[in-house]
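Please find one structure pasted underneath; my questions will follow.
For reference, chains read A, B, C and D in written order, and residue numbers begin at 1 within each chain.
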Amino acid sequence: MGNMTNAYETLAVVLICCIAVLIVACLIRSVLGPRVTDRIVAVNSIGTMTIVIIAILSVLLEEAYLLDVCLIYAMISFVAVIVLTKIYTGVYREEEKEESQKEEK
Amino acid sequence: MENFRLILLIFLVLCALFVSFSKNLLVSVVIFMSYSLIMSIIWVLLESPDLAITEAAVGAGVTSVLFFITLKRIGAIGKEHPDEQDETTKEINSRPAVKQFGKFYKGAAVTLGAAIIFALLLMVSNLPAFGDADNPYNNEVSERYLEKSIEETGAVNAVTGMILDYRAFDTFGESCVLFIAAACVLILLRDDKTDTTAKAIQDEKFEPVSDTILQTSAKILFPAILMFGIYILVNGHLSPGGGFSGGAIMGAGLILHVNAFGYKKTQRFFNEKTYKRVTVCALSFYCIAKSYSFFTGANHLESHIPLGNAGDIISSGLILPLNICVGLVVACTMYAFYTLFKKGGM
Amino acid sequence: MGSNLLVNYESVTAVILFGIGFTNLLLQKNLIKKIIGLNIMDTAVYLLLATQGYIEGRMAPIIVNGNTDPSLYINPVPSGLVLTGIVVSVSVSALMLALTIRLYKRYHTLNLDEILRHIQKEGH
Amino acid sequence: MEMFRFMIAAIFMFCGVFCMASAVFGMFRFRYVLNRMHTAATADTFGLLLTMIGLIIWKGFGFEALKMIIIVGFFWVSGPVSSHLIARMEVSTNKKLEEECEVKKYGEL
């Protein structure tokens, strides 16, 4: 394992840099995205890529407890997606109800 | 490794700029969520996993959810341009004097910001280089903490030992800050309708439509999230985490449960009464555990609870119960924030 | 003008983020944008604090199998400080958001100038 | 033996990162959000799995590998559910859905 460490290290650093570039691309996608759903999808994939980066870092820096951070991110992005979709559909449904009431009047 | 840090830092500055220049509120909130995601990676790179976990659970999770609900309550989600000006402001803004002052004000604000950045950059250039061992902060205080933390507090994680044993009052003050914030939000946002019919209609409106896919997955995930929150909470003194992040994860689990199963089912095991009881008992236990010596007159440094050997869970004396109290307070506060913002009642 | 400006990236980013957050606070009229600006300033200050505690090539302050030689670990004092700060800044922004909701309920606008004008008109 | 293990781990991780890169490329390539979401979901489930397998091979089986398997398991349960919720939100809030994709009524399936 000794002589391979610098090989593993370069591999890990190269991979992290690629994923970091992908995250910046996702950010641009989330800024450009015309509709709200594009933005949610982009931020969701930023969350997944953060998880992969932290997993690689936890193996690179030999600290096992960083994997807790990854699992927390998986939960938090799941809860945030649920809350956002429920809120957005709720707002939309209320608007439709107002319009239908206006038409009845 | 340097260029990786550089990419992330540039990403942070980009996020901050996009947030300030984007017109739509929802866009800035969603981008702010990815801002705190990347912030957590930087805490991991700076070798402080406690901050990474707390930022992930408390910063990225709960703050973005609260921002979303505020946008809903304000109705900024539906309309495209929420901050339209009414006719008086348009009339006032169109006056030449006001327009001229507006330009001057913008210029003055930007120059002031640039002056602050320049002054602080001057300061930063004289700071010791990044990460060299003999910078003045690395003095005997931190060495004292590191050397003595296992003997005196029994906590393997020096940061948790510092927070819950050397500086227990500060964390007690912080839990009180959380409690006061929840109390203020309760006062501000609680719409207690006196007549029960309106309340029934209100509850009916907020009951989420039952969605079988979400419910079946919530049946699997809710216990997993709670179990993971308890795991982070219980060995806060062994691995990074502890009261705040464990509590925030349990709060997020409760929010998932409310969204999937609705308020009626959640009220069966967590309503306003249990919220009040849990927070008050946890805070008073914390207060008594750490301040009984005021009355007994002794100096309160050593608690007579045995420290146990350093590795296992039931060790480090009083830190574990205090961690559990802080975790309970944080979990109840995060859930209270969510329900008060969304429905105005538990 | 010291020489370390180009070495410590994190402190430079923290300062720039602080400046952005501050100008955001000054220029934005919308209340929610001001709260986001304040959050950016918060994280900038915490980034600056935690960067001072970092020491190259040392581990996180979790005592590994008992050897408490301080030259193995980074400085735990700033991360203890910032941990409290993150939680307090969450509760502060929750309180601010609650106040914004109440302001919107009363004045139906988020534009701070209009709110102030309404208040003056009502003579509070 | 070490080189062989390094090669396998490197291959797995590169495939994982390639999968994510293709997902991000897909998100830029497609115009409508449902197609974008289709590619993003592959990054979530498949890219994560491949990278985690590479890390497990690198780290060797132990406590960390167990945590990684838990992460992948959690993601394989919560990923499709969040994609479902986003897709349903998009379909229910987009009035001009017909322009983007061909919508069949329930009867005609």
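Convention: contacts are C-beta pairs under 8 Å (C-beta built on N, C-alpha and C of every residue); 3 or more make two chains touch, one makes a residue touch a chain.
Being a predicted model, the structure only gives us computed values, none of them experimental.
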{"item": "Pair joined by more contacting C-beta pairs (A-B or B-D)", "value": "A-B"}
{"item": "Distance between chain centroids, defined by C-alpha means - chain A, chain C (Å)", "value": "22"}
{"item": "Inter-centroid spacing, chain D versus chain B (mean Cα positions, whole Å)", "value": "29"}
{"item": "Rounded Å distance between chain A and chain D, as computed from the means of their C-alpha atoms", "value": "11"}
{"item": "Residue list for chain C, restricted to those that touch at least two other chains", "value": "59-60, 62"}
{"item": "Multi-chain contact residues (two or more partners), chain B", "value": "47, 49, 71, 214, 221, 239-240"}
{"item": "Residues of chain D whose C-beta touches two or more other chains", "value": "74, 78, 81, 85"}
{"item": "Every chain pair in contact, whichever chains are involved", "value": "A-B, A-C, A-D, B-C, B-D"}
{"item": "Complex interface listing, chain A residues touching chain B", "value": "13, 16-17, 20-21, 23-24, 26-27, 30-31, 36, 39-40, 43, 46-47, 50, 53-54, 57-58, 61, 63, 65-66, 68-69, 71-73, 75-76, 78-80, 82-84, 86-88, 90-92, 95"}
{"item": "Chain A contact footprint on chain B (complex, rising order)", "value": "1, 3-4, 7-8, 10-11, 14-15, 18, 22, 26-27, 30-31, 33-34, 37-38, 40-41, 44-45, 47, 49, 52-53, 56-57, 60-61, 64-65, 68-69, 71-72, 75, 77-78, 208, 214, 221, 225, 228, 232, 239-241, 245, 249, 252-253, 255-256, 259-260"}
{"item": "In the complex, chain A residues that touch chain D", "value": "1, 3-4, 7-8, 11, 15, 18-19, 22, 25-26, 29, 33, 35, 37-38, 40-42, 44-45, 48-49, 51-52, 55-56, 58-59, 64, 67-68, 70-71, 74-75, 77-78, 81-82, 85-86, 88-89, 92"}
{"item": "Complex interface listing, chain B residues touching chain C", "value": "2, 5-6, 9, 12-13, 16-17, 19-20, 25, 28-29, 32, 35-36, 39, 42-43, 46-51, 54-55, 58-59, 62-63, 66-67, 70-71, 73-74, 76, 82-83, 85-86, 88-89, 106, 109-110, 112-114, 116-117, 120-133, 135, 137-138, 141-143, 145-150, 156-159, 162-163, 167, 170-171, 174, 177-178, 180-182, 184-185, 188-189, 239-240, 244, 310, 330, 333, 337, 340-341"}
{"item": "Residue ranges of chain A in contact with chain C within the complex", "value": "63, 65"}
